[in-house]
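Before I ask anything, here is the structure I am working with.
As written, the chain order gives the labels A, B, C and D, with residue 1 at the start of each chain.
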Amino acid sequence: MPQTTIYVSPRSLGAPDRRPPSVRTTDLARLFAGSPALAGVSIQVEAARTIALLGPNGAGKTTLLRLLSTVIRPSYGSAVVDGLDLTRNTDLVRERVAYLSHDTGLYDDLTARENLAFAAAMYGTPDGTARVDRALRDVGLDDRAADRVRDFSAGMRKRLALGRILLGSPSLVLLDEPYAALDTEGMAIVDELLVAWREAGVSVLLASHATDRLAPLLDGRIVLERGLVAAVSGEGVGSAPPSLPGVPAPAAEVAR
Amino acid sequence: MSDAEFVIAAYAVIIGGLGLYTVALWRRLRSIHGPDDEAR
Amino acid sequence: MSAVRAEARTALAIARKDALAELRGRHAAVTTLFFSAVVLLLFGFALGPDSARLAAAAPGLLWLAVVFSGILAVNRLHLLETDDGALEQLALYPVARRAIYAGKALGGFAVMLVLGLVVLGAVGVLFAVDIASAWLPLLITVVLGAAGIAAVGTFYAGVTVRLRAREVMLPLLMLPVLAPLLLAAVKATAAALAGDPFGELGAWLQLLAAFDVIMLVAGAATYGYLLED
Amino acid sequence: MKTRILGFVALGTVVAATAVALFVVAPDLNQGDAQRIMYPHVASAWLAYLSFGVTAISGIGWLWKRDLRFDAVAVAGAEIGVMFTAFAIWGGMMWGRPIWGVYWQWEDPRLTTTALLLALYVGYLLFRRLTDDPERRATRAAIVGIVAAVDIPIVHFSVEWWRGLHQTATIASPDRVLDPAAPPVFVGTLLGMLGAFTIAWLYLMIRRYQLARAEVAREEAVRIERLMAARAAGPSAEVAR
């Protein structure tokens, strides 16, 4: 297991066994244009765990991560992050969740450093400048810090987006295909990040196909298929079958 | 002065429009409900 | 730090980011300025070579050009956020939604102000209008008009940014709302150019300012709902 | 059933009010028969404003309570409001031609305001069609409806000033009938028309609301059905193949 030097923001998280579960969902579902992308997922992820989200394309991995990140709202069911309801306490959840999506969310016309400086301003990161430098070093982009993101390769963009997560102080990190588009060195950085988050007591939920590579870094696995949980294995993770009879309460009637 | 054509045009469109909209609404309701619960 | 200062800092960070991207990429300014120049030229052709008539119509032409190219500008500024999922990322930051609105509106205001001043200058040259003698009231009118277009435009760009029919819906929704601004700005400009013979300039500027404030408040109060999907 | 009775009442009062306005009341001394157009015109304009107010308040209600019934009221208000706005404009034009000599009198603030209202809410209705998901549609429409309603007084105010500051000469206005100096018979006829139209409005609002609820219920049934089918099918892809 690689030794980490990556700096993860301190958030006083407390002992893992005394924290609420990082994620708990109940019949969580989301439809797009009338068809279910996530049909009803009830899972639980204990605090301070690294869990892989596996499954074929279109299984609902990205939808689940987007729901947990608060980017999209559930159609039905509910989700709780760190004991906070996703639709009722959205603002508090946002402070605790970091999300790396397929899109990097970077601004092409800004340099790498300017992109991170903007993120630091938005996170209200204390010691912003020093932390931006540190994050750039941690993802191996310090020599390209003054270059515009427009000229970056897909792998470099991904690294920069990972660096942005280091500027916040999440207790749950959601990663969608973190290894995609990365070279060997970049993939090693993701490994290191996973170790660093584990050591800091930060939970990680990541969608990936790199099962062999991930094996030593994981506590557990959730396999999704066709918008449902197909299997769960390992430590610190559990699931329940979706409720079938009757009509689920629409999320919006419960929300707010 | 009479201006009857303008009076007729105004009333025909407004009252007729009200009627047409009402009928259209009935048809839309019927097509979504089925014929029997029109009397609700 | 107080919440208000934190929100102001967030808004400034967003506006600065937009300004920086705009200075580097010139997404909004170049296309928009070119567009407004073309619009002014076409107005000139449409209203014929009679220069007295053109000068009389100048206030209206000025603001039509500004409003039309303003739609383009706010759309471009929001497209910046859709580049690579940036709007989603922006929505994920743990900051007040109204601060995000204020930041985007401030960035839009900067662009609209530059646009308004350039178009004003162009109108002065093309339609032989003496803008120098009334520069102060004209400047105030342009500032208030730019603020109103930015306030309304940021809101409606947020409303339509996720829609497939964005290019059609943005002007369709935005133009009727901007009607009072157009009316007041044209009247204020005409009054300023004429030396305010009826003492109505102040009233029109007040109407413009009231429009700006009301639309800013409405936009700030509701923008958060637009970011959720 | 109660709604049905309301429908009959609406039909009866509208027919009666129309008959009175057309055949019973004497023509105006100055305006002649054209003045008869005023009654449905003013009533339509009043209901247009009422409808859009209802739409805005329902929008606030949705954002506050997250109950989709508010959205059904909002869409009913917008659609019926657009219809009455169109009636008001048509009536104003038919009145304007004989009285002003033109169909469109720019110096009449109400006519101009009403035209902008039509644009605002036709945009609202078109905008609603672009979002599939009922809750997201309700949220976006609520915001657009609220901002449109906020804009109405500013529009009215600015157009009024536009005319007023422009020149002091007053022109005949369509709602001169509301003048306290108007003969009581005219005022009575107008009030009768207002009442009849308002009852018809209420009936149409209820029916349109029911339609919106039924549409949402059908959409929702399809969504739940698909969701449950997906759950029943289970996660294993092999079963389906």
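To be clear about the criterion, a residue touches a chain if its C-beta (ideal position, glycine included) is under 8 Å from a C-beta of that chain, and two chains touch if they have at least 3 such contacts.
On a predicted model such as this, the values are computed, not experimentally measured, just so you know.
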item	value
Per-chain Cα centre nearest the global Cα centre, belonging to chain	C
Distance from the mean Cα position of subunit D to that of subunit B, given in whole angstrom	15
Rounded Å distance between subunit A and subunit C, as computed from the means of their C-alpha atoms	38
Subunit A and subunit D: spacing of chain centres that average the CA atoms, whole Å	47
Whole-Å separation of chain centres (CA-atom averages), subunit C against subunit D	30
Multi-partner residues of subunit A (each touching 2 or more other chains)	73
Residue numbers of subunit C (touch at least two other chains)	228-229
Sequence positions of subunit D contacting 2 or more other chains	136
Touching pairs among all chains present in the structure	A-C, A-D, B-D, C-D
Residue numbers on subunit A that touch subunit D, as the complex places them	29, 31, 33-36, 39-40, 56, 73, 75-76, 224-230, 242, 244, 247-248, 250, 252-253, 255-256
Contact set on subunit A toward subunit C in their complex	69-73, 90-91, 94-95, 97, 99, 101-110, 114, 118-119, 121-124, 148, 157, 168
Complex contacts: residues of subunit C adjacent to subunit A	6, 9-10, 13-14, 17, 20-21, 24-25, 80, 83-86, 88-95, 228-229
Complex contact set, residues of subunit D against subunit A	66-68, 132-133, 135-136, 219-220, 222-224, 226-228, 230-237, 240
Interfacial residue positions of subunit D with respect to subunit B in the complex	1, 3-4, 7, 14, 18, 22, 32-34, 36-37, 40-41, 44, 80, 83, 86-87, 90-91, 94-95, 97-98, 200, 203-204, 207-208, 210-211, 214-215, 218
